[in-house]
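Look at the two complexes coming up: chain A is in both, with chain B in one and chain C in the other.
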Partner chain A sequence: MKNQLKAVWQFFFGDSARAFGSVSLILLVLLAISPAKNHFSQWRHYQKQYLHLIRGRADAVTLERHFQGGIQQIWIPEQQVTDRCTTCHLGLKEASLADVSAVAFRKHPVVPHSLTEFGCTTCHRGQGAATTVEEAHNSTEQWEQPLLPAKYIEAGCGQCHLEKPTATPFLNQGRDLISSNGCTHCHTIKRGDGTYILPDDDPPSLKHIADKTTREWIYAWIKDPQAYAGTATMPNYHLRDDDARDISAFVISQSTALQPPIQPGQTDTKPAEDPAAGTSLYGQSFCASCHAMQNAAGILVGGNVGPELTGIGTKAKPEWLQDWVANPNHYDPGTMMPHYRFDATQVATLAGFLESKTEPDLVANVHLDPATSPQIEHGKKLVVENGCASCHEINGIKKPENFAPELSRIGSKPLSQLLFVEGVEHTLPGYVAAKVRSPRAFGPSLKMPQFNLTPLQIDAITTALLAQTDRSQTQPPAMRIASVQQTKYEPAGHAGQLMGDLRCLTCHVINGHGGDMAPDLTWEGTAVQREWLTQFLKNPETLRPALIRRMPKFNLTDAEITTLADYMMTVYQTPQFDRDSLPVSEFSPAVVEQGRQLFYSKFACQSCHIADYAKDKGYIGPALAGTGKRFYAAWIYHWLQDPQSLRPGTIEPNQHMTDDEARSLTAFLMSLNATGSKEATKK
Partner chain B sequence: MKRALLAICTLMLVTGGCSHKSKPQPASIQPIANGTAIVESSGGKQIGYIGMPLDQPVVVQVNGASGSGVAGAAVNFSGPTGVTFTPASALTDSSGQVTSTVSLGQQAGRYKIVASTPDASGKKLELPLDEIALGYQQTLGAQLNGQYCIRCHDPESTPLRVSNMDNLSVKPHPFTEGDTLNKISDADLIAIISHGGPALNKSAEMPPWGYTLSKSDIAALVSYIRAVADPPYESGGLVYAQK
Partner chain C sequence: MANTLDQLVEQVRENRIWRSIFRSGTGASNLHRALFVQQNVFLHLFSVKARKRTVGFSATWYLGALTFGTFLILVITGILLMLYYHPSVPQAYADMKDLQFVVSSGVFLRNLHRWSAHAMVFLVFAHMFKVFYRGAYRPPREFNWVIGVVLLLVTLLLSYTGYLLPWDQLAYWAVTVGSNIASAVPVMGSKIRFLMLGGTAVNANALLRFYVLHCVILPFTATLLVAIHFWRIRKDGGIYAGEPATKGKSE
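Up next, the complex of A and B:
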C-alpha cells in the first residue's frame, strides 16, 4: 500500500519536470472552473432555448434583433429594484410571443405599468438580483420573499394603490371585508399614506343591553352568533358552556337602565290583529333596503346595512322594539338607522310584526340559574381576556389598546418570526390565509376568534393583508395613489339637525361624505325644482322602476319639509352654472320636435329611459316622463353634454352631442309633464 | 443534487409549457360500484380568475345502465399544471354525484379539466369540462362589463340587477355568444363599443362609450369578450390541457 502511494507520487512529482507539469495541469483545471460554470449556467441555457424558439418563428429576424445576450438587468434605485428576471424571461416585451406556451418566454400580459418603470419584483416579489431559477423564484435561507402566487397578485397593486382600482376586485373586496368584519377594532392597519383602515361594522354598545335582550339570548348568541343569523359578522369564540354562562351573567350585570327609561307599554295599541298590516308597513317603509329577512321559502331578502331581522322577535324585548321603532336615537344616538316619524299605531304594528319573527329553537334549551357573584367575576375576567371591549362599549371596562398585533407590514414579515403549525404551507401567504381561515388551529388558547368567511373571502382578505409590505410604507409618496377618504361634511343648522335625525347620509353622499346607496345630493339644488322636491319628500315615488332599494317615506311634517327644501335649494348648488340660465320659454315647438327625433332615433334614449309610459320600457336610468316638472332645463342641458362632470362615476354615457342637440333634447324633455309613476298612470 | 433535479424539472416545465402533466393522483380510492356514463351536473364553463377557486363547485354524476345515479363509483379529477381539485378523487354519494372545488392555474386562458370514472371493465370514462381563468386585463373588462354593459347584454336578472334586454327593440348578444361575436374583428368591436351601434350600421340602442371609457378600458372589454366566447375565439388566448 505504502509502496503504491509512493509510486503515484513518483509518477507526478518524481522530478522537477514532472512536478512542474502536474502543478500546471491542476492550475489550468482550477482556472477553467469559473468560465465553465458560467458556460453551463442555467440562464445561458434559457437564452439558448429562447433563441431556438424564436428562430422557428415568422418574425425571427425582428426578434433576434431585439435579443441581447448576457445578464440583463432593470435597475431603478429609487424603488430598490435590481431585477435580472429579463435575463431568462426574454420575450416579455414581444407582442408576437403572446401565444407561446412556455411561460418563461411568453409576452407579459397587458398591465398598465411598463417593465422599465416598475421592474418585476415590485409586483411579483421574488429575488430580483438572483440568476438561478430556484433563488429567483423560491424562498431561500438568505432571501425569504418568494414569488407571489397568482391568486394574490393584486396584493402587488395594493402597495401603491390605496384607492379602489376597477381591475382589482379581490384587493378591494379584501379591504372592504377587513372593515366590515371589524378586524381593525383589534389590529391596527396603517396605509402607506398614514391613514388607517377603519372598521365599519358598528358593533352595538352593551351599556344598556339588559333593556334590549335577555341573558338567555346573549348566552345563545355568544356561543354561536351565526346560529342566530347566518349573516352575523360577530365571530365565534368557541366558548365553553360555563364560560358563556359567566360572560352572559357579567354582561347583564353591568347593564344600566337607559335614561330616560324605556316605557313599558308605551302605547296602549295592541300589535295589529291583521298580520298583513305589519308586512305591508315593513314593505312601504323600505326596511329591506338595509335589513335582510328570510322569507317564507327560507331565502334571505334585503340589504346588509343593518342587522338581519329573521329572528329579531327572539332577540329583542317587545318594549325595546317599540321604543326603537319609535325613535332609534333614544337607545343608540350613533345608529345609522333613520328616525321614521311613525305614529303610535304604526309603531305598534311594525313592532308587533317584528316580534312575530322568532327563532324559538335558539333559546329553547337555554336554562340559566340566577348568576352568582363568582360567576359574574369570572365572566368579567373572560370579557377582559377576550378583548370584548375592543368592539363593544361595556360599563367598567376600558377599550384595550393594541389588543392584537399591528398588521401594517404583515406582507413583509420574515418567516422566522412566524410560528407555523402542522398542515400550514410554509410560506407567508400560506400563513396569513391559514390564520384568517382558522385562527384557533394555531393553538386553542389563542384569542383570535373564528370568523365566518367563504374561501374566496379568505383569499381576498389575504390579498389585502399581503399588500401591507415594507415597500408600501416606505416608498416615495409620489408613487402612491391616495385612498378616497370620506370628508367630515355635515349639513349645518336646523336643517342639518333634521337631516342628521333622518340619517340622510346613511344612503346619500353629500360633499364627499355619506353612503353609496342613493344618488349624490351635492348639486341637488341646481338639478330639481322646489315643488317637485317638496312633493317627493312628502311622498317619495319610485323614480327607477328596476330598483329594489328605495327612498322610504319618513312621515315628515309640512314644516320639516319646508326646512329641508329651503336648505337643499339654497345650499346644494353647483358653481359650474346658474340653474336659471336656460328658461323653458325659449323652446319653440319645432325645437321640441327635433328633440323628440333625437331622443328616439339618433340617441335611442328609450333603451334606458321612459319618456312615455305608454310606449317606452327602458329602465336602467330614471323615468323621464315627468322631467318638465322635476328638473331645471339648465341642469338637463349641462348633464347631457357631460354627465360625469356633474356626477362622477355615473354610468350614463357621454354621447358627445353638439350644443344644438343638447338644447333640442332639453326642450323635448322639459315638455314631458306626466305626473306620478307608471303605477299611478295606469290607474 | 437537489438543485440539479429542480433545474431539470423546471426545464421540463418550461419546454413542456403548461401542457405539462400534473402530479398523478393517488389511486387510493376503491370503487364499490361502477357506472356506464359520467355526466356534468353543474360547474362547467365558469368564468373565474387566475389561481382562484371557481365560484361554484364542479358537480358530476355517474350514471348506471338505467340512466340513474350510481352510488360508490370512483371519480377522479385531473387537469393541467396549477389546477387543483378539493377533493381530487372521491366516491359518488347516494345520488351518484361528486362535488369538487376547483382552483384554476396561474395563467389567464381556458383550462380543460377531466372528470373520469372506471366502468365495469376498468375502462376509463371521461368527461371533459372547460373553465376560464381571467387575467388582469380581462378582469378589468369583466368589472367594466358589470358596471356598464351587462344589464343590456345579459338576459339573466338577479335581485340587484334587473336585465334590461327585454326592453330593447333590437336584442344585443350576450358576450359569451361566440357564434356571433367571434365573427366581428377586434377593430370592429372597438368601433362599435367606442362609437355605438351606428358605427357598424347597427341600432343606436347600443350607445357609444368612447367618451366615457378610456381606450385601455375598451381594449379590456374586447379582451374580456374574447376570453369568454363560447365557442372559443380562435386566438382568444391560450388553452391549457393535459398531455
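Up next, the complex of A and C:
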C-alpha cells in the first residue's frame, strides 16, 4: 500500500517537469470550475424547464417566438429597479399560461400597471438583481428585504397610492384601523407626500372627568376597558391593582369642575310617566345610528360613531347625563354629537332611560379608600410613563412629543435593528404583526398596550405599516397618488353656527367634507324646493324605506328652520345650471305619459325606486312618490343625464339617456305629488 | 520524441522573429545565458548568475516570489474587475451584484481577487519573518529591508482601500472606523481625516478617493518599489542564502 502510494507520487511529482505538468493540470481543472458553474446555473435550468413546458402546448410556436434566452432584465434607473425576475419567470405576459401549475411560469394576474414600466421588486420586494432562487426571494446576509408574503401584497400598492384605491381593501382597512385605534397619537407616521396619518378616534378629555364619572369606574375601566364595552377603543395596559388605584386617584385629583358648573339633578321635571317613553325617545331620536347598545338577547345593535351605551348608567353620573343630553357642547365642545333641542321632560326621560342601562358587576367589587398624596404622586408618575396624555387631555400633564418610535419607514427597517423574541417569525412582517398582536410579548416592561384586534385586522394594520418603506418616502413625486386630505370646512354666519351646533357634518358631506352616513348636501339648494326643505327640517320623514338610520328630529324652532333653509337655498347651489331653468308648466300630459312608459319599461326605475306607494317595491334608492313637491325639475333633468357629475360616487347609474328621454322622465317625476311616507299612505 | 521536441524548440528560437525579440539566441554558453537575462527588461533586474542553493526551496521558501505572484494575480483580476465597476454611490453596490449574478465568472474574479489579497498580506508577513530570522536584513541589505517595510505598508493600504469599494455596510463602517482612528492623531487629526475622505463623512468623495488610491496610486507605487526591491537584491549580492560556508559549519 505504502509502496503503491509512493509510486503514484513518483509518477506525478517525481521530477520537476512532472511536478510542473501535474500542478498545471490541477490548476487548469480548478479554473474550469468557474465557467462550468456559469453553465450549470439555476436560471438556465429554469429556462430549459420553461421550453419543455411550452413545447407541449397548443400555442407552442407563439410562445417560443416570445421566448428569449439568456438573462432578462427590467431596468428603470429612476426607480432604482434592476429586476432580473423575468429570467426565470418567463410566462408573466403570456395570456395562455394562466392555468399553468408551476407558479414560476404562470401568467401574472391582471393589474392596472405594466410590468415593464414598474418592474417587479417595486411591489413585491426581494432582490431584483439576483439570478438565483434563494437570493432573489429570501432574505440573506447581503439583502435583508425578502419577497413580500402574499397576504401583505397590498403593502406594495400603498407605497405610491396614498388615496384609497378600491382594489386594495385590505390596505385601506389597515390605514383606517391605524387612525381609528389612535396608533398615531403616540407613533408618528409620515406619508411620502409629507402628510401624516392622523388619529380619528377622538379620545375624550379628562379635564373635568370627575364631573362625568366616579373613581371606581375609572379604576375598573383602565384595568380592562373591554370588560365595560367590548367595542371600546382604549387598549388594555395590564395595570396592576395598585397602579390602577393610583392612576384613578391622580386623574380624579387633577379634574376641575366644568364652567359653568353642571346643575344638580332638576327635581322639578319628572320623566314621562310611560315606562316605554325612554325607549321610544331613544328610537325616535335615532341614537342607534351612532351608538350601539346590547339588546335583551345580548346582541349589539347600532352604529359605531359614538361610544357603546350598554353600561352607560354605571359609567356616567346622572346629573352629567342630563347635562349631556340637554346640550353636549357644554361638556365637550369638540364632540361629534349634535345638539338636540330636547325639552326638560324629554331630557329627564332620555337621561333616565340611559341611567337604567347599567353593568353593576363592573364596579361591584371595587372598593377604593380615599387617595393619599403618595398614591396621587405615584399615579402621576404612571400617567407620565404610560403616556396617557398622548391621547387624553389631563390637567397638569403636557402631551408628550414623539412618545413612541416613528413608523414612517418601518417597512424598510433592517432585521438587524429589530429585537426578536422566541416564537416570532424572523421576518419583518412577522415582527410587525407580532408587535401589533401582543406588544407585551416582547417584554413585560414595554409600554405599548394590548389592543383589541382580530387576526384579520392585525394583518390589515401590518399591511398598512409595511407600505411605509424607504421607497415610499424617496420616490419621485410623479409616482405618487396623493392622499385625500381632510381640511376644516365650517359654514359661515348664523346658519353656520347652527349647523355646527347640529353637527350636520358628522353625517352629511358638504363640499367634500364630513361624514359618510347621510346624503351629500353640496348642491342641495339647487336640488330641492324650499317648502319641502322646511317641512323636512321640521319633521324629517324617511325617504329611504330600507334604511334603519335616518335623520333624527332635532326639535328646531321655526326661526332656526328659516335660517337653515335660507342658507342652504342660497349657498348650496351648483354653478352648472339654474334651478329655475326648467319650469314645470312646460310639460304636457302626453310628455308625462311618455315619461311613465320610460320609467316602468325602458329604464325599469321601479326596481330601485318607488313612484307609487301602492304598486312599486324598489327599496334601493329613495322613494320618488313625492318628487314633484321635493325637487326642482331642472335638477332632475340634469341628474338623469349624468348623476355622477352632480354627486360623485352616487350609485345611481348613468343611463346615457337622450335629451328627450330625460325631459319626459323629468315630466313624469314632477307629476308625482304623494305626501308623507309609505306608512302615512297606508293609514 | 524528446529529441524532436528539443529540435522544434531550437528551431523556433532560431527563427528570425524570435531572434528579433530575444536577441540573445540559443546556446548554452555562460555568455548566452547572461545575455538572455541581461537583455530582457524584466529579467535584467536580477543577477545574471545565482548560486544554486539560493534558488532551491529551502533558501527562501519562495515567499518573495509567491508574494510577487499574488501581486500579479491581483493586478490582472483587478483590471478585469475595473471593467465592471463604477466608483459612484448609486452604482458601486449594484455593480457588485452584477458581478455576482450576471457577469460570466464574476464571482470567480471577485473571489480570486479577494483571496489573493489575503494571501498576499499573509505572504508579505511570512516573507518578512523569514528575512528577519535569517538575518537577511543586515548590511548591505538594510536599504532593501526599508523598502520592504514600505511595501508592507503599501500592501496593507491596498487591502484597506479595496475594502471600501463594494460599498456595503461592512465597507462603510470599516472605513468610518478607520478614518476615525486617523482623526485621533494629535493636532492635525481632523485634517488627516478630511484629506482621507475628501469630506467629513464617508460618501461619494471618499469612495472616489479610495478608488483612485486602490487602482492607480498604490499599485503604481508598489510596482515601482517592487522594481527597486528586485534590483537591490542583485546590487546587494543576490538572494541571501545564509552566511558563506567559510563561516558556518553546516555548509
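Basically, the second predicted complex is superposed on the first by the 651 of 683 C-alpha atoms of A that agree within 3 Å, B and C clash if a C-alpha of one lies under 4 Å from a C-alpha of the other, contacts with A are read in each partner's own complex, and residues count from 1 in each chain.
We adopt the following convention: a contact is a pair of C-beta atoms (placed from the backbone, for glycine too) under 8 Å apart; a residue touches a chain by one contact, two chains touch by 3 or more.
This is a predicted model, so every value here is computed, not measured.
Chemist: One more residue to check, A:82. First (chain B), second (chain C), both or neither?
Modeler: The answer is second: A:82 touches chain C but not chain B.
Chemist: When the two structures are overlaid on chain A, which partner does A:651 contact: first (chain B), second (chain C), both, or neither?
Modeler: After superposing on A, A:651 lies in contact with chain B but is clear of chain C.
Chemist: For A:71, select first, second, both or neither according to whether it touches chain B, chain C, the two together, or no partner.
Modeler: second
Chemist: With the two structures laid over each other on chain A, which partner does A:131 touch: chain B (first), chain C (second), both, or neither?
Modeler: Only chain C; A:131 stays clear of chain B.
Chemist: For A:103, decide between first (touching chain B), second (touching chain C), both and neither.
Modeler: First partner only, chain B.
Chemist: I want to verify the contact counts: of chain B and chain C, which reaches more residues of chain A?
Modeler: Touching more residues of chain A than the other partner does is B.
Chemist: By the touch definition at the top of the document, which applies to A:601: first (chain B), second (chain C), both, or neither?
Modeler: first
Chemist: Is A:308 touching anything from chain B or chain C once the two structures are fitted on A? First, second, both or neither.
Modeler: In the superposition, A:308 contacts neither chain B nor chain C.
Chemist: If you lay the two complexes on top of each other, which residues of chain A touch chain B in one and chain C in the other?
Modeler: Shared contact residues on chain A (touching chain B in one complex, chain C in the other): 132.
Chemist: Enumerate the contact residues on chain A facing chain B in the complex.
Modeler: Contacts found on chain A: 42, 45-46, 49, 99-105, 109-112, 132-134, 149-153, 166-170, 301, 455-456, 459, 546, 548, 601-604, 607-608, 617-620, 644, 651, 653-656.
Chemist: Can you name the residues of chain C that touch chain A in the complex?
Modeler: Those residues of chain C that touch chain A are 90, 94, 97-98, 100-102, 104-105, 107-108, 168.
Chemist: Please output the residues of chain B touching chain A within their complex, sorted ascending.
Modeler: Residues 3, 6-7, 10-11, 14-15, 17-19, 49-53, 55, 101, 103, 105-108, 135-137, 139-140, 143-144, 147-148, 151-152, 159-160, 162, 164, 166-168, 197, 203-205, 207-212, 216, 219-220, 223, 235, 238 of chain B touch chain A in their complex.
Chemist: Please output the residues of chain A touching chain C within their complex, sorted ascending.
Modeler: 33-35, 37-38, 71, 80, 82, 84, 127, 129-132, 135, 142
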